[in-house]
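Two complexes follow with subunit A in common, the first pairing it with subunit B and the second with subunit C.
Then we have the complex of A and B:
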């Protein structure tokens, strides 16, 4: 084995000393002179038209510096990582529990919370759809103008009918996964400030400063070169801080008040308002020969996007591209459907859709092995992708695929390290 | 407003503040000791753990009026200038730190474990850290760090051999 300069060596994180000392600066650790605190009023309904918003009582509360609704946004009232489908502050309607309807900046968090309680919103409830089936029903109202089917992606390789005809055994099942929160210990936090030259700085707990800037600038109606986003030490993200969270809310309030503004989401807001892992309903049919060679796989994946896209159409498509797993299958047909519902938004979460697909294809492998009287390891070794074989999209691996060797190493290890309690 | 005395990391603070403020807010907003973190605001995550008269507590659930006259230890009080506490060194050595947000609370809970029992079993360490959540590192390396620190502290004081 060749010697690497870093791989296989112990390395110390360069920020670790500041972290064990409690000196690492997270966004919430910033205190700017004259800093105000921002809070958002959240929608009480999963799907409702907004009839009126009355902010007059909140505006009169001592200590309140700004109350904003969609009418007070200087630029566009939309953001989104891939598609601009999410309002910064709800205008015509709300599409999920937790859509921001109004913003307040005040001297203290307590005053901001009190002001939020004084805002009156009149809603007209609309039917809400909490499953992909309900959202795709013919008589369902569109949650967005373009309808509730955000994207359908087709994947075709070979001829599945032929593949199933050549199979001696076919296993067909439906797998369902649930919505999951990232639950990073540091909640979403940003501090925004306009300087004396009119430059806007946003210090944030985020994953992508440049993507944040791209989405903040048009909302505050400033050119990108006047907006600076600085990622502070970030207390966990796992995909959940890919999207805009507190950045635009802090920026809008800082521009409106001319004062630095800190926005920290409560744990409840984090649970309700941030993106989640997509729940997926996966229909999968896998065919194999008597000696365990995979011949065909046909699948359909319905992913519950929640109310906005984030980058969920990519994630849904990716789940489909990986539904065959790390195995060579000559005939594949997969259809994926990303569907808007009135649930919490789903977006990136470690694995990017592949985790949901893995649950389905690995369960299928175990079931096939069981029915064929073969060990779960053997069926995987037989079908493992190797150099020269093609994956689901037809890409032929030319250099290396580590899967087969990894399985062999795991086999060796398990022979000498029996699992506690044994394996059934 | 009420006059209160807090002894934080051996420094005496005479404060005039609302006694119903959370200890966490007083430490962060008034004393600027931002090493103590807020994660859940309801005593579930342990990120805001401090020691009150040596005992670990979630500072988000303590009103400052309740700790008038008490000794409070925060993460800032562990190191001696640039000299890291044995636990801080052990967390670095064992790779027990990733995002770092749970680290201050985790280290203080670990200190409470070792102050009470210099040679704890793995189960006692896990029990002592059960009020602190971590989402990045996983708990094994954190437990390893505490064991490492226990061994080194015992070696220093000559009591027991650690494990």
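Then we have the complex of A and C:
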């Protein structure tokens, strides 16, 4: 019998009944008296200076209550999870397709969309960089002040030259991963409203209301104790709702109009404007002895950040810290580079850089196993991290390193579930 | 021709923010006047199940039925800050905050109960909704009665718990150091069938063994793993946001393909419990770890099946046919 009463039990989820019965309230289900609908005008260029914005025709459209550009922002025109590098509404320039340039609040979504089409923006195109290599070229214009190399990290454990010298076999490869979307079922949604005392409430589909508040308050120029953010039932997030999406847009329009405002991104806006998983180019070289012991690993990771940081410098660093996988390797050298480009923004997505790392290290493990005449399982069992063995950062745990047991479970599974029709 | 293969993928994943990034959580646990309990936590449940897990931890710690615990979560006007629901950190960090708050509430309750039992608080415990003498469990009082009595006398049982998971920083030049408080680990086995004429990959079955420290709710873990495997297979086989000079060429689900129910195979989850002493009841987490090894295992399974190694994700039929043609 378990020592616990409820820990370890298949307790019914607290949210299951309301979701199964269709009663759960998502931000999109909120309707407030007098509520308006907000839409953003998006940049049509990946990198361009803004010469002028003409909102006059949009303002005259019946049913439009507010048209806002960067000049109408009461507070700061910047936000960002870790670095305030993203304008709420583009001011001097746009850095990617989909940068918000203007906002409209109107009585219906259709009127808001029509008003968006009536706004005229004059751009002067700038050279744009769509690959890490192009962005890092010496003559590339800086996408942000401070240049296009956002961060370089170095991991150094032992002495890789020595490790490769002790290796009988070395496998070297380049792996490339793609940009992907979270594809949550519920797109980004917020409703914002000022109450009778001038307090602002934002109901949102989010992963962290406190950090939303931290980013909303300075933009609307209100103290944090007058801004309240409430997470509504959220239809998936996976990292994509960690960043600000609709929250500030709804808040700005509600403050401007004095009316409740709902902002829902269309699926297309979600695909274009929300963060994506980083494409990474991973150079990796792994060395092992004849009996299959890993001796050295050297790697370089280039991640395409897109136009803004989000939290991508930490993701890229974490990928580097995990590039040696769940194995003990005495000698490791990894460099990571997070690079600004004029592509769609990359940010957190379930796995935080480690899917990319594991794609590389696990491919390497199978390549080594094949060359050594070992099974993929055997080489992993031999090198598995255990209590007392150091990982890539030199950290040693005395407890809870359950990796070996996961391999043993896999071994048992493969014995009891042979792959029928497999290739010998 | 259809060929089958099997591949292994493994990973580790550091729980929480790591390398000295501020990583804390707070929670409040309140026993109401009828003995039901409310957990107030800033933690967002986006479907991963944190509301459920935090209520289980509160119920276990206080010794009350799970059904009597509810939660108010993720509202800056009502709940304390729990940090973000990211980095697979909420079971570990917020779980600890809730546990600490519940422990303090329990200690206060036992102090109050000790007066009524006429004994030392240490002689008492609470389990299954009963306050009882440890040396004589037949001498007990229903928890709800105790709560009611207490409230009538103006006593309140509410406590605030705070847990700090901020780790030391790593060396800036070498990244050496204790970067994360703990790691989760996994091994997945993916079986595929590759059609060498069309290049299509069909996933037959996935086995997923995950070290989570302790399973607070095994059903929740299975749900996390099953969803993650589906997402991981999408990443491995079909998903790609294609940009042309910065413009998104795949702005809808007609072009950005994700797995449907027809693409998702049977997933067999095997939960490994290697308890982490600092985790609540030994728990670490699972959310992100669950998705990581799927693509790696799929790549290795495709190699096992047809002998070509794809080094660029996703493994589309076009890439497979091209690689097969080059191999011949």
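Note that in this section the second predicted complex is superposed on the first by the 410 of 424 C-alpha atoms of A that agree within 3 Å, B and C clash if a C-alpha of one lies under 4 Å from a C-alpha of the other, contacts with A are read in each partner's own complex, and residues count from 1 in each chain.
The rule we apply is simple: a contact is a pair of C-beta atoms (placed from the backbone, for glycine too) under 8 Å apart; a residue touches a chain by one contact, two chains touch by 3 or more.
None of the values given here were measured: they were computed from a predicted structure.
Student: Report for A:24: first if it touches subunit B alone, second if subunit C alone, otherwise both or neither.
Tutor: So A:24 only meets subunit B here.
Student: Who does A:187 touch here: subunit B (first), subunit C (second), both, or neither?
Tutor: first
Student: I'd like to know which partner A:344 touches here: subunit B for first, subunit C for second, both or neither.
Tutor: Touch status of A:344: second partner only.
Student: For A:9, is the partner it touches subunit B (first), subunit C (second), both, or none of the two (neither)?
Tutor: In the superposition, A:9 touches subunit C alone.
Student: For A:415, using the defined touch cut-off, is the partner it touches subunit B, subunit C, both, or neither? Pick first, second, both or neither.
Tutor: neither
Student: Quick one: is A:403 in contact with subunit B, with subunit C, with both, or with neither? Answer first, second, both or neither.
Tutor: A:403 sits against subunit C, while subunit B stays out of touch.
Student: Using the superposition described at the top, determine whether subunit B or subunit C touches more residues of subunit A.
Tutor: Counting residues of subunit A touched by each partner, the higher count goes to C.
Student: So, A:242: does it touch subunit B (first), subunit C (second), both, or neither?
Tutor: After superposition on chain A, A:242 lies in contact with subunit C alone.
Student: Which partner does A:175 contact after superposing on A: first (subunit B), second (subunit C), both, neither?
Tutor: second
Student: Which partner chains sit in contact with A:196 here, subunit B, subunit C, both or neither? Use first/second/both/neither.
Tutor: The answer is neither, since A:196 touches no partner chain.
Student: With the touch criterion stated at the top, can you tell me which subunit A residues are shared between the subunit B interface and the subunit C interface?
Tutor: Shared contact residues on subunit A: 12-13, 15, 183, 234-236, 238, 267.
Student: Which positions of subunit A touch subunit C when the two form their complex?
Tutor: Contact set of subunit A toward subunit C: 4-15, 46-47, 96-98, 128, 130, 153-157, 173-181, 183, 201, 206-211, 213, 227-231, 234-239, 241-242, 267-268, 271-272, 276-277, 314, 317-318, 320-322, 325-326, 334, 342-344, 348, 350-352, 354-355, 357-359, 361-363, 365-367, 376-377, 380, 385, 391-395, 397, 399-403, 405-407, 409-410, 413-414, 417, 419-423.
Student: Can you tell me which positions in subunit C touch subunit A when the two form their complex?
Tutor: 2-14, 17-19, 21, 42, 44-47, 49, 51-52, 55-57, 59-60, 63, 65-66, 70-71, 73-77, 81, 83-87, 127-128, 170, 173-180, 182-183, 185-189, 191, 193, 205, 207, 209-211, 213-220, 228, 231-232, 234-235, 239-241, 243, 245-248, 250-253, 256, 258, 268, 270, 272-277, 279, 281-282, 284, 287-288, 291-293, 295-297, 299-300, 303-307, 309, 311-314
Student: Could you pull out which subunit B residues touch subunit A in their complex?
Tutor: On the subunit B side, the touching residues are 28-29, 32-42, 45, 47, 74-76, 78-79, 84, 88, 91-92, 97-104, 107, 133-136.
Student: Under the stated contact criterion, what part of subunit A meets subunit B in this complex?
Tutor: 12-13, 15-26, 28-29, 31, 182-187, 233-236, 238, 264, 266-267
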